[in-house]
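The same subunit A turns up in both complexes below, where it pairs with subunit B and then with subunit C.
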Partner chain A sequence: MVYKQRLDGRKIDELRPMEAKAGVIPNADGSASFKIGKTWALAAVYGPRELYPKFLQDPKKGLLRCHYGMMPFSGSGERIRPGNSRRAQEISMVMTSALEPVVDLSAFPNAVVDIFVDLPQTDAGTRCAAISAAAIALADAGIPMTDMVSSVAVGEVDGMVCADLTYNEESYEGIVSDIPVAMLHKTKGISLLQMDGEISKKNLVKALELAEAATEKVYELQKKALTEKYVRDQDGKGNNNGKSEYEPEFETEDSRE
Partner chain B sequence: MIINKDLVPELASQGKRLDNRRLDEYREPILVETDISWTAEGSAKVQIGKTVVMAGVKLSIEKPYNDTSDEGGITVNAELLPLSSPEYETGPPSIKAIELARVTDRGIREAKAIDFKKLCIEPGVKAWFVVIDIITINDDGNLFDASALAVLAALKSAKFPEVDPETGAIDYKKKTDKSLPLTKEPLTVTVYKVKGKLMVDPNKYEEQAYDARLTVASDSKGTISALQKGGFHPLTAEDISQMVDIALDKAKFLRGKLNQSL
Partner chain C sequence: MSNILVEERKVVIPGEALAEGLDYLPGENTYREDNKIYSKVLGLVSLSGRVIKITPLSGPYIHKPGDKVIGQVVDILFSGWRIDTGTAYQGVLNVKDATTRFIKKEEDLSKILGIGDFVIVTVTNVTSQNLIDLSMKEPGLKKINGGRIIKIGCNKVPRVIGKKASMISLIKDKTGCEITVGQNGLVWIKGPTPEGESLAERAIKLIEEKSHQEGLTIKIEEFLEQNKL
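What follows is the complex of A and B.
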């Protein structure tokens, strides 16, 4: 069996349809919704805020903490037990190391910035969607950042190197590899790299090239989501005055007048 | 930090509220959206003002309990995500989450809203079990009413997955067009007593300043299926009578909103 055409008809470098919005959770200091295909991540940033237990406090720099979680009904099979699984803990850790390089930790000594990402539905690529959502939420929260982080999975499905694999592609018969990648926009540094499956060195290099172009598309969307919330056009309208277009949905007090 | 702890009762005693609502007025908008998660058998997102909750239904086939061998069952779980409020922390469910889940559970279970016997596949061997998860997205108060509304909408939207007739395995990727055997549609209204006055749908500030509350689950005929009194002040029988009247009236209002949205 050779994989000639993708199961959903996409081109090899084509990502699933994406949607991103900044400022979707009013209680949070910054938040975002990021959808890619049927994978959906909601991210909320709280902080900088006081860090407990106190011995974790560092007078030289703050702490960035990610918390990844799939909602119990978000898996494509049986219900997922709520709570911190080993998988969720590992993903939380790699998310933190994917995002930390762009965050100026010295801006909030002794404090913590918590990023919570929860997924209502998934179809592969969850840690990448989580990172892309978290990066928008960090910027929305006004956390000092030196660069943007954009993330997408690439991989090989039975001989074809392609971007943004679905669950059906990941479980395709034959040799498959899944490579989640996060990339910094300006430096092109790779801050997340994992791989499972089988791949040759040659195809790995090819996959990473594909990842650069793919993360760039994610970056453009992240930028658009933030622009839509914050930037005014020349007439001073069309913008949302720091509120996302999503926000009026949540408004009560102001819209009542 | 509790803000407006004195202001909320002071305003209430004059029949006023922080956001100029009447005491018996819900926040706007009230939105119900179903099928928000393709991986759940049924799902809904409910928004009341700035409060947003999701509910998801997952179905599985289990061995029935010994004392009800010809019935399936339900479980209701609530997750107060740290994503949804600076007050919530990671870790095992807090007593607030447990109360929310149990009160919502009783509203459905005790109304016999789901015909448990129809969930049975083979007595003593196999039956469908329904697990409902309530997930908070933004907690701006009144999770009880928002959750019950989301749970009912999710139950109404749920479809059984396909089952392989030979192996008995569930194919969660394929849904049938068969809905859950819902016989009643219970909804929940919580009435709060603040400085002698009764109000509904508190926001997060009002919720920190009440004396007592009464959660009332009722179906479309006005039959009450669950009650839960909360708060540290006692209620009189007269209070309860008035609170139930308000709850039944507002349940009609929420039912109208639900039917509009579906």
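What follows is the complex of A and C.
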């Protein structure tokens, strides 16, 4: 059995159709929706805010905390128990370490920034969608960041190195590897690299090259989602050569009662 | 050779390169790395002389000395009050900065300000660990009595106040309300009638919603005319 053509007819480096939007949850300080194919992540950022219990506080910098969760009805229809699980805990941890290199919380000692990511629908690549959504939500919340993080999964399905695997590809009969990668835009540093399955050294290098091009596409979408929130003409559509009509004014109220 | 890589007033995201070369200086919300200046937040590029800075479009309120803020008393200390300003850090208002009256040693501080009271205060000092000193000893600073408090994004505050306080005086004139805007995004509205307060609240919410549009003062004026009491 040789995997010649991808199950959904995509090219090997082609990602599933993506959609991203910033500011979807009004109560949160920053939020984002990120869809890639059938996988859909919603991220909400709260903070910086007071951190309790007190022993978690760090007087040198703020703490970044991620909470990952799949919704009960996501996936294939088998009810997923909400709340923490071994898997959710691991993904929350790798998300935090994927985002930490870019988030600069030195101005917020003893405080915490909470990121909640939930997935209403899943079809592989959830941790990558979660990280991409979280990065948009963090920027939307105005948290200082030195760079953007974009994430996508690559892998090898029965001899073919391809980007953004679906669930059907991950469960293909034969040797399959699934490698979620998170990459910083500016430095091209890798902040998340995991693997399920097996892959040869040669193909791993090939897969990572593919990941670099793929994360760049995710980055472009993240950038678009963030600028679109502010750049629109008076009717709230179209754009204005990338400039906002928002006029920052730095007056303070001079008429005191 | 130095050159700017982005236009002024353009929306940039974190990590975007703003300028090349050592002739430009990194201002607020930017940083320099390897000869280039990068943005640190989502915001608008602004250039003054050789300094590039970013005006953030969102984000938390950061206390600055001299800012007028609205806060709520959350605790009473030995010689002062702990004030919550809606951020990660609580401020301390000392008795000597709260009143000119002589306070006896055993006096009950809750008689002056009780838990849950709102106050208009200024920030006098902020440390590196974000410990905040507050004062209530300037004209216009006081304990809030009556009216209502609403919350807006702290980045929208300059918009609500307007150039030379044009926007806020417009709302004050049309609704007859007394309005105080704290730099932390809390707004106190007190008017002669609840209807007036409600109208002022709706106008401020409208400014927050449409803050990135042009000709906002005219739009708000129209809104206030249409909904005149």
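Following the convention adopted for this analysis, the second predicted complex is superposed on the first by the 229 of 257 C-alpha atoms of A that agree within 3 Å, B and C clash if a C-alpha of one lies under 4 Å from a C-alpha of the other, contacts with A are read in each partner's own complex, and residues count from 1 in each chain.
By definition in this document, a contact is a pair of C-beta atoms (placed from the backbone, for glycine too) under 8 Å apart; a residue touches a chain by one contact, two chains touch by 3 or more.
These numbers were taken from a predicted model, which means no experiment stands behind them.
In the superposed model, C is the one of subunit B and subunit C that contacts more residues of subunit A. In the superposition on chain A, no contact is made by A:174 with either subunit B or subunit C.
Judged by the touch definition given at the top, the superposed model places A:28 against subunit B, while subunit C stays out of reach.
Contacts of A:118 after superposition on the shared chain: subunit B is touched, whereas subunit C is not.
After overlaying the two complexes on the shared chain, residue contacts for A:159 are found with neither subunit B nor subunit C.
By the touch criterion defined above, A:197 reaches neither subunit B nor subunit C. Looking at the shared chain after the overlay, A:49 reaches both subunit B and subunit C.
Legend: residue contacts after superposition of the two complexes on their common chain; A:189 is shown touching neither subunit B nor subunit C. On subunit A, the surface patch touched by subunit B in one complex and by subunit C in the other comprises residues 49, 249-253, 255-256. Across the complex, subunit A is touched by residues 7, 9-11, 13-17, 29, 31, 38, 40-44, 46, 55-60, 62, 68, 87-90, 128-130, 139-140, 155, 158-159, 161-165, 168-169, 178, 180-181, 183, 211-214 of subunit C. Only residues 25-28, 38, 40, 42-44, 46, 49, 67, 69, 71-79, 82-84, 114, 116-118, 120-123, 249-253, 255-256 of subunit A touch subunit B when the two sit together in their complex. Interface residues of subunit B, counted against subunit A in their complex, comprise 18-20, 27-29, 31, 36-41, 43, 47, 49-50, 52, 54, 56-58, 60, 77, 79, 81-86, 90, 92, 131, 133, 135, 137-140, 170, 172-173, 203.
For subunit A in complex with subunit C, the residues that touch the partner chain are 29-30, 47-51, 59, 62, 102, 104, 107-112, 139-148, 184-186, 222-223, 226-227, 230-232, 234, 242-257.
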